[in-house]
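Shared between the two complexes below is chain A, which has chain B as its partner in the first and chain C in the second.
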Partner chain A sequence: MERWVGRPAGDAGADRRQSGDGAPTPTPAPARPARPEGAGWPARLRRALGVLRAFWAANLAEELEYRANFLASLFATIFWLGMAVLTAAVFFRQTEELGGWGFWEVVALLGVFNAIGGIVDAVLRPNIGRIVDLVRRGTLDLILSKPVDAQFHVSFRRLVVWRLADVAFGLALSVFALTRIDRAPGVDAVVAFLLTLAAAFAIVYALWLGLMSFAFWFVDVENLGILFDALYEAGRFPVSAYPAPIRFVLVYLVPIAWITTVPAATLTGRGGWATSLAAAFVAVAALVLSRLLWRAALRRYTSAGG
Partner chain B sequence: MTGGASIVAERLSKTYRVKVREPGLAGAFRALFRPRYREVHAVEDVSFRIEPGEVVGFLGPNGAGKTTTIKILTGLLYPTGGRAEVAGFDPWRGGAPFKRRIALVLGNKQQLIWDLPPEETLLLNRAIYGLSDAEYRRNREELVDSLGIAGVLDKPVRQLSQGERMRCELAAALLHRPELLFLDEPTLGLDLGAQEAIRAFVREYNRRHGATVLLTSHYMADVTALAPRVLIINRGRLLYDGGLTELADRIAPVKRLELVLEREVDRADLERFGAVTVLEDHKATIEVPRRDVARASARLLAALPVADLSITDPPIEEVIARAFAGEATKGVDAAERAGDVGDAGGARGAGVPEGAPSPTAAAPPRKEAE
Partner chain C sequence: MTASLRAWARRYGALIRAGWLVDVQYRAAIVIWLILGVAQPAITLAVWWSVAGGGEVGGFGQADFARYFFAVMLIDQATLAWDIWYIDRWIREGELNFRLARPMNPLHEAIADNLAYKGKSVVLIALVWFLIAVFWPAVRLPFDPGRLALAAIATTLAAAIRFLTSYVNGLLAFWTTRATAIAELHWGVSLFLAGRIAPLSLLPPAVASVAGVLWFPYMLAFPVEILTGTLTDADAILSGFGWQLVWLAAWTCAYLFVWTRGRRRYGAVGG
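And then the complex of A and B:
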C-alpha cells in the first residue's frame, strides 16, 4: 500500500522516462496573478463595497474599544493647527508673501495639508503602513488566501476614524481662510477643487503603496512611513516658495506639489482647469504605477519571478 | 490527468535564493557590494496525489518543506518546477473561485481581530466570501455548534484562552464551507483537551462534508487520530507516502516486550532474546522482530522470572524519528529503493507494485536506525 520515494541527485531524466502515464511534465507558462472573476464591473463594485462596509464596521467597533483616543486625537489636531497657523503668522511678520502667496492663501494651503495628513493617518498609515508587519508576521499569507484582491484588503482593512477629524478641521480652516481673502469661489472652482483634492488623495495613496511595496525587497526597512513624513513636510508651503531645483523635484519626481499646493491653488482661484486636469492625469499615472509596483512586489513575495 | 483527485502534486520543486551573509563587519560590507547567493531547495521533486475526502497527515521536522508545499498548493507560492492541481484548479491561477473552495489555517498566525469578539471576524469573512444570509446562518450555526463556541463568540479575542481562540479561528476559516482544508499546525501550543477538541472537530467536518484535509502537526497524536495516510518529508524530499501502520512495519518491524521481573537479572540474559532498550531495577523493555514475538515471549517466560509481560508497538514518534535518522545517513539507500517514483501516487492503493521495494529492500532503514 505504501510507497518509498526518493532518488539520487542527477537522475531526473530517468525518472521522467518512467513517469506514471508517460507524459512529460508540462512546464507551466510564466505566471500572472489571477484576475478576480466576477459578473462585470457593477457586480464587482457592489461586492467590493460590501467588503469595505464590513471592514469599516469591524473597525469602528475596534476603535470604540479605545474611546479615549478620540479626545487625545481631537486635542492633537487643534493644537497642531493652531501651531501651524501661528508659525505662518510669524513668517508673515517678516514678509508680505511666500512664493507669491499671501498669508490667508498659505493658511488655506495649511488646511489642505492638514486634511490630507488626516487621510494619511486615518487610512494609509494604519493599513499600507503596516505591510512590513504583515509580511513579518505572516498575516499576509492569510490575506492572500482570501478571495479578495490583496491590495484592496491591505489598503482598506482599517480606518482610524478619529483622524478624520483632521480632514474636517483642515477643510474648515481652508474655508475660513477663503472668507478672509474675500474670494468666494464659484461652483466651477469648487468642482475643480474637489477634483484636485480627489487627485491629491489618489497621489498620496499611490505614494504610500509604492513606498511600502519596497518593503518586499528590503524587509528590514523599519519605517518607510517616516520617509513619507519627511517628504510630506515639504508640502506645508506652496512649491513656488522653493528654489527651482527643489520645485522640480516636488512637481515631477516626488509629486508632493500635487498633493497640497495644487488643491489649495485651485481653491484660491490660482489654478485653471488645465491644472486640475493635469492633477487628474498625474493621479491616474501614479495609481497605475503603484499598482504595477505592488504586483511586482507580490510576485517577488510569492517568488513568481519578476 | 487529475482523474478526479483533490490534490495532485507532480514533481513540485521550490528553490529559494538566499543571500549569504559573512560574519563580521568586513563580511557585511562585502555582502553590500558583491552579494553572494546560495540556493536552498525547500522542496525537491515532490509528487503525490490525494483523493477527495481523504485526510492525510504531513510530517517532517522543522524546515523540511511542509509549509512551503502547503503554500504552493494554496497558491501563495509559485513553484520553481513541477505542477500542482487542487480542486481542479492551478492554485496559482485559480483566483477567487479557487480560494472560495479552500481554507488555510496556520497555527501560529491568526486572522481573528484581536480587540473584537470573534463574531466580528465571522461577519467580515461573510462579506469577503460573499455568503448569502441563508448560507451564513446555516454555516455559522453548524460551526458554532460543533466547535462549541457559542459562549465565547461575544468576548474580545484577547480575553480568550488559546484553545478557544483556535476553535474560533477554525470557525472563521471554514465559514464558507470549503471542500479542501490545509491545516498547518492547528494544535500548536494547545493543551491536551483543546487538541482533542480540534481533532474531533476536524474528523467530524471531514465526515460530514467529505472534505479533503491535509494536516501538518508536531503532535503525533493529531496524525494518528486523524490521518490513516501520511506523507513524510525531510529536507524537501518526500520520503514516504502510505499508511501509518505500514510505516511502522517498514521502519521498525519490531514489537516491544515490556517486562516486570521478580528479581534483577543481568543485561546479558535479556539480550539473548532481543535488543534491550530499557533496563532499570525490575523493569525491562526488549525489542524483538515482529514475526518472532510469540516465540520470543514464550522462551522469555520459560527462562526468566517474569512477573508481568505486555506486548506493545513502538510509539510512532520513535518510528518517524528513525525514518529521519535513516534518511540522513543512508540517502543513497533510500534512492535505490525508489522503484515507482515517477508515478505521482498512482500506485497508491494498488499494493506494492512489481519491482518496487520488496520487504528485504525495506530492511536497511531499520538496521541503520539501530
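And then the complex of A and C:
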C-alpha cells in the first residue's frame, strides 16, 4: 500500500478525500461515515490500520520539524518521574507501607501511572481533547463528511510522538522497581500484566470519549479534559491506600483503580487471573458505554451555527 | 494626592469589573479549574488520613492532616496566579502591543484580574469548607479573630509573592520560548518546598531548612500553618513575616529588572 505523507494539513484538509489509495474501499456515500458494504472484519481492520498509518506518518513528518522539542520533552519526562518517586518517598519516611504496598511496589505503580499518562498526552489529549473546539466551531462537519468513522478519525488523527517517551520511561521504571523486589514475574504474570495494561488503555480511552461527548451538550466548557486530570491524580497511589468510601468510588464508580492499581498489582504478583479477567470485562463495558454515549451525542450535533 | 488616588481607584474599579465579567462568561471552565486545584490536596489528604490511622505521624493526627490540607486548598486558591500562561501568550503572539499603548502598566490589569478571580474562588472554597465543617468536626477551626487577621495578612503577602513569581516567569518569554516549561519546573519543586505533599515538618530536616530560606513556603505553607494554628510561636511568626517581606522585595526587583530589559528586546510579533 502506498504510504501517504502529505502536507500537515489542519482539519481544513477537506481536499484530502481519501488517504489509503489502493485499499479495497467502495465509494462512500457523502456525509456519512463509511460502511464498506459486504466487507468483513479483516478488510475493515486492514483499512483502519492503513488510515492510521497515513495519519501518523503525516504527524511524524510534522513533529520532526521541531526536533529541539524532543530534548525538552525528555527532560520533562525524567523530571516528573523523579518528582513522582520523591513524593512516594515522602510518605514512606513516615510509614512502612501504603495500603499494604511496599515502596518499590508503589514505584512500579508510578511507572504504570506515567506510561498511561504518556498515552493520554500522546494520543487522547491532542485528539479527543479537541472535540469541544470542533463542535463549537462546527469544524466537526469536515470530519463527519470524511469516508472514515468519525469516532476513529476524531480519536486517532494526531500523535504527539515525543510523549511516548513517558510510556517507555514509565515501563522502564516499573521493570527497575521489579528488580528491587524479590518477586520476578513469571510468563503468565507478564501476559496477565499486558492484558490488564491493554484494558487500562481501553478504559482511559472510554473515559475520555465519554467525558468529551458531553461537549455536545456543554459547548461553552472548553477544558473538560481537565476533569480527567483531576480524577487521574487519584491513580498515583494503590486504591488500598485510600479510606474505604473513596476506594469504593475509585473501583465501582469512576474506574481509576482499573487503570493503575490493577496492572501494577498484576505485575507485582498481587492480582490473580480473576482480577485480569474482571479488568478485561470492565474495559469492554466501558468501551461499549462510551460508544453509545458518543452516538447519542452525535445525534444531537446540529452542525455549525445550529 | 487624593485626586490621583481617586483616579487609581476608578481605574482599578473598571479593571476588576472587566476581569469579573470575563470570568462570569467562563464560569463553568473556572469551576473545572477549581476542581483540578483541590484534587491534588484532597488526594494527598486521603492518603495521609490512612497513613495516620488512629495514631499520629510526626505529630499529625488525622484531624490535623484534614485541617492542614483544607487550609492548603483555600490558601492555594487565594494565592493562585495564572499570569505566566497569559503573559507568555501576550509576548509570543503580540497581544502585548495594545497593552503597551495604554497609558498604564499592564501589571495593573494582571493585578485586577487576580483580585476579581480570587474573590470568587476563595469565597466558594470557604463556603464549601464551612458546609463540610458542619458535618465533619475534624476540619473545624477554633474561632480566633487575632489568628484569622494574621493569616489574612500572611495570605496577602503570599499572594503578592506568588503573583510576582508567575509574572516574572511570564516575562521570560521576551528571551525564551520555554517560559511555560520553566513554570512547570517551578511547580514541581513547589510541590515539596511549599508544603503541598506534606507539612514541611514531615520532610527530611535538611530539605525543610533549605525550603525555609527560599520563597516557596512563604507562598503557601506559612499562611496555612498560621491559619490552622500549628504555628503559634511569636518569634517563628515574626521571622516568617520577615522572610515574606524579603522575598517580596527580591521578586519586585526581579520584576523591575526583567520588565525594563525585556521591553527593549521586544520585537512586537504579530499584531
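The rule is short, and it goes like this: the second predicted complex is superposed on the first by the 263 of 306 C-alpha atoms of A that agree within 3 Å, B and C clash if a C-alpha of one lies under 4 Å from a C-alpha of the other, contacts with A are read in each partner's own complex, and residues count from 1 in each chain.
What we mean here is this: a contact is a pair of C-beta atoms (placed from the backbone, for glycine too) under 8 Å apart; a residue touches a chain by one contact, two chains touch by 3 or more.
These figures come from a predicted structure and were not determined experimentally.
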* To do: Name the contact category of A:R136: first (chain B only), second (chain C only), both, or neither.
  => neither
* Asked: Between chain B (first) and chain C (second), which does A:V51 come into contact with in this model arrangement: first, second, both, or neither?
  -> first
* **Residues of chain A touched, compared between chain B and chain C (which is higher)** => B
* Asked: First (chain B), second (chain C), both or neither: which does A:A72 touch?
  -> second
* Look at A:E62 in the shared chain and tell me whether it touches chain B only, chain C only, both, or neither; answer first, second, both or neither. => first
* Regarding the shared-chain residue A:R180, is it in contact with chain B (first), chain C (second), both, or neither? -> neither
* Structure fact -> Touching chain A in the complex, chain C uses residues 26, 28-29, 32-33, 35-36, 39-40, 43, 46-51, 57-58, 178, 181, 184-185, 188, 191-192, 197-198, 202-204
* **Footprint of chain B on chain A - complex, ascending** => 1-8, 11-12, 15-21, 23, 25-26, 28, 31-32, 34-38, 47, 50-51, 53-55, 57-58, 61-62, 65-66, 137-139, 141-142, 144-148, 299, 302-305
* **Residue ranges of chain A touching chain C (in the complex, touch as defined)** => 72, 76, 79-80, 83, 86-87, 90-91, 93-95, 98-99, 218, 220-224, 226-227, 229-231, 233-234, 236-237, 241-243, 246
* **Parts of chain B lying in touch with chain A, wherever the complex brings them together** => 1, 10-11, 14, 16, 45, 47, 71, 74-80, 82-83, 90, 92-100, 102-104, 106, 108-111, 113, 115-116, 120-121, 123-124, 126-130, 156, 237-243, 246-247, 250, 327, 331-332, 334-349, 351-352, 356-357, 362
